[in-house]
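Here chain A shows up in two complexes: once beside chain B, once beside chain C.
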Partner chain A sequence: MQRTVDFKLPHFFNYPPYFTLQPVRETREKQVQLWKELILDYCRSQKMYIISLEEDFPLFSNPKIERSLSYEAKEVFLAALVSEGRAEWIDKSHKKCLILWLRIQDWANYILDFVKENGLEVTTIEDIRSGIETHGTELAGIDRGVLMRALRLLEQKGKAVIFKGSSADDEGVKFSV
Partner chain B sequence: MRRRPGIAGLQNAAATRDKFRQVGENVAKVRTDVMQEQLATFRSQLEEFARKHKSDIRKNSVFRQQFHEMCAKVGVDPLASNKGVWAELLGIGDFYYELGVQIVDICIATRSHNGGLIDLLELRKLLCQKRKTDLGSLSSDDCLRAISKLKVLGSGFEVISVGKKKLVRSVPTELNKDHNGILELAQAKGYVTVEQVEKEFSWSAGRAIDALETLLKEGLAMIDDGHSDGKRRYWFPCVTLSPDASGSEAKS
Partner chain C sequence: ERQLLPLVDLEPEENPRLAPLRGCLLALTSHRLVFLHEASLSARALPLASIVHPYPPHRRHNHNPLRSLFSSSSSSSSSHHPRIRIQISLPPSRSEVVAVVVTCKADVDVFYGRLLEAIRARAWEAAAAAAPAGGAPVAEGAAPAEEDLAIRMPVVGVAGILRKEQETWESAGQNLQDAFQDLNALMSKAKEMMELAEKMRQKLLTNSSAQSNSNDEEMGSKQDMQDLLLSVGIVSPVTKETAGALYHQQLSRQLADFVRVPVERAGGMMALVDVYCLFNRARGTELISPEDLLQACSLWEKFDVPVMLRKFDSGVKVIQTKTHSDDEVFARISSLAQKPDALLKGISPSDAAFTLGIAPALAKEHLLNAENKGLLCRDVSPDGFRFYINLFNEIDLQNIHLPKAHGLYHTWISLATAAH
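And now, the complex of A and B:
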């Protein structure tokens, strides 16, 4: 389990009823909204991309008040993110979820800005994920799947070309900025 | 022999009445003049006082309350109209209108969390955050005054007393005695259980559940099924202070 470094948990996280799905519509909406924001903020701060419903996840239980989310509640909150395009189910059985704290489109823009700033018109996928320039940016350790989709989106728009290197994990990108 | 009433007698009587009336009018006029003079003096004195202490009135909540009491005693309502001499002079009307607007803001913003019922202390705390001042600079009295001015909007702003607490209601929910009782009971721990309510008030299970379900539907309560004893808890955000406020309350 990852440690929650530099992350201030919101007040509602210490208020027990937020761990039970609320039956009244308006109250439920507010509850879902708060959890959605929390999940996105948390994943962003911890650079996490995948949440698995069947594994422990630090956000889904609070030992301090002895409460944890039911499976159903987790699924409701993640499904709400999915419906907004801020997350995607990876598997058909809805057990693993990819969290897009930046949408693919936003990632694409972020990458373009990053490339412009650092003059990296030609680079490799691995360098984008873990190169020196990447340190301290949102791109550090980006999920490979997310990165590839952002790049393919750029490719569609004619702003990048992905090319194969000598081996499979040695793909390169040429940006036209 | 007794003189019979004649014309002269009648005229005499009429003249006397006239004299009396004149004198009376004179007296009344003099009195009115004196009163008006006094009032003018008083008003100018009060204006001078207000001008001199304008910043105190705006800044110091105790002073503000004393000023209001003084005004109330002489039958002046500095908040009655924003065009009144007091408001123009003091900007004191503005103070409460601004406060009123901020109160409406906060009540609406927190409504989905607390169902439109907020603890006065919590409201004050949020107001101070918004105004970037400390809690001492804004008294409960100020808030109550501002809220009383909101009544003209007809939007159902009201202050209700539940136990020791004052709660500000911004949605026109009908709370009956049962609901008030439950809210009061919930102040101890922030939540109640059906069992606890039944026992405390000697109600039937139906009555307790009915009242709790109403509070739930109104958005005033939230359920919590996560406790290890398996008993459903009904939490009331309006009587539960946010963590940083509970500390300051414990001290005071």
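And now, the complex of A and C:
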């Protein structure tokens, strides 16, 4: 997980107190907000969906100023995202976190807009994730779980039908625009 | 002949080649010290004229507290006996120190007094007939000390320094002893006073129990009596329990008067432990306990005094003047934290202590307070615990990559970019 060059870190990333969980309530609220923004921004730019607390995550340490987040701090910031519906714990022990820089609802709307614009009425799940049409859009490389949830949401609203193929690989979807 | 000591040892202290002389009868005459050794039927004499300086007697281990602190155990078997060290001069210009160790139970101090008297009397000068000293002198069988050595030589050089040193030791030891004696006297007096107070209290109690149906007036006078006892400062532990309030009230007022000046001098705030030390030092021997101090301080709320007890969130207790304002301290901390260096590297409690001229423990309290107010924020790292000016509120959440082109955050960015 190398930090790619096209993500520009904000200036406050070099501010040492940014990496210490602030005990004073107002200060901490502001700190948590800044972290939430940064995590979402970063994941969106890097198309990252899962953050594991026990593995290195480029944002959680800054070698330049020799600071890194404590486990507790990471948990606090991710929990703040979870409470806003911008992330979900994958496991019960809160060690892995699914980051939703777009909420499931937003993903569903995005997919619908994309289908409308491109006239793509019938396609497969795999085509959405890695097909030519979605190349260069937010949908490229989308987490399979996230995509399925968005599609099921659309299905509930009667905007799409998921049909099974012979294997899991070629599940298809038909949109009714 | 002035004085006799039945059983003494003579030990040369500086010259190990000389054998000590043990079990002598020592006779002090107006002219010399005569050591009679009965076992060998021999005698030696030390002319008083050759004595440069007799040191006051001391007991190595029991008597001189300083010496017993610093000297390792003496090899001599007679180390527990009192000894008188005598510096003698030998022709042509040498000096030696011999020790007269008194192994019998004679009064050494009296003997020393006589010896001094005899030396000061200078009987040998008065005697026109210059009789040569009888017997051999102590050291090496050298020529008998001449009578014209009687003029006391000024002691210079190493010997002189040693002697000075010795005298300093002696007087320090004496001082220590005097001090402890004073303390002991105080302690014994205190005990007596306690007993007295206790006795009076007992009397009051038995009175009241004997006349259990005594009327209110008598009860009142009994209370007066107890208050009287308390007000003169005689506080026995028991009476303090029953009516201790008065004691603490008085202590409280006295403390308030006392601390105002030092607290103001210390910038309006002082740690309670510092005040405790200062107050007890001022009281001299009548020390108070930390609990008494705390009680006295907590009583201030009831009186109109210019000082107050304050407890920080961390539990640190301080005494501050009522006019002391936190805002002023915050302003100073804020300006300290905004210096270019502090913006980049933060400030530690000791930095703040140095700038504010207060104790580091207090400085930390101020910093934590300022953090609570949102003025500062913390940075905990392997390098330590530091405080930075709070930039979080300066950052625009909507646009985290495009900071304002002015303000504290902007200043910090330009400094940080330059530094990294």
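Going forward, the second predicted complex is superposed on the first by the 177 of 177 C-alpha atoms of A that agree within 3 Å, B and C clash if a C-alpha of one lies under 4 Å from a C-alpha of the other, contacts with A are read in each partner's own complex, and residues count from 1 in each chain.
Just so it is clear, a contact is a pair of C-beta atoms (placed from the backbone, for glycine too) under 8 Å apart; a residue touches a chain by one contact, two chains touch by 3 or more.
Since the structure is predicted, the reported quantities are computational estimates derived from the model, not experimental observations.
Because the two structures share chain A, they can be overlaid on it, and in that overlay chain B clashes with chain C. In the superposition on chain A, contact of A:T27 is made with both chain B and chain C. Shared-chain residue A:S52: touches no atom of chain B or chain C.
Contacts of A:R67 after superposition: both chain B and chain C are touched.
Looking at the superposed arrangement, the partner reaching more residues of chain A, out of chain B and chain C, is C. By the document's definition of touching, both partners, chain B and chain C, reach A:P17. Applying the stated contact rule after C-alpha superposition, one finds that A:K8 touches chain C and leaves chain B untouched. Within the superposed three-chain model, A:E37 lies in touch with chain C and out of touch with chain B [touch as defined at top]. Across the superposed pair, chain B and chain C both touch chain A at residues 11, 14-17, 19-20, 22-24, 26-27, 30, 66-67. On the chain A side of its complex with chain C, the touching residues are 8, 10-12, 14-17, 19-20, 22-24, 26-27, 30-31, 33-34, 37-38, 41, 64, 66-67.
Residue ranges of chain A in contact with chain B, taken from their complex: 11, 14-20, 22-24, 26-27, 29-30, 66-68. Touching chain A in their complex are the following residues of chain B: 112-113, 115, 191, 216-217, 219, 222-228, 233, 235, 237, 240, 242-243.
Residues 346, 371-372, 374, 377-383, 386, 388, 390-393, 395, 397, 400-401, 403, 409, 412-413, 416-417, 420 of chain C touch chain A in their complex.
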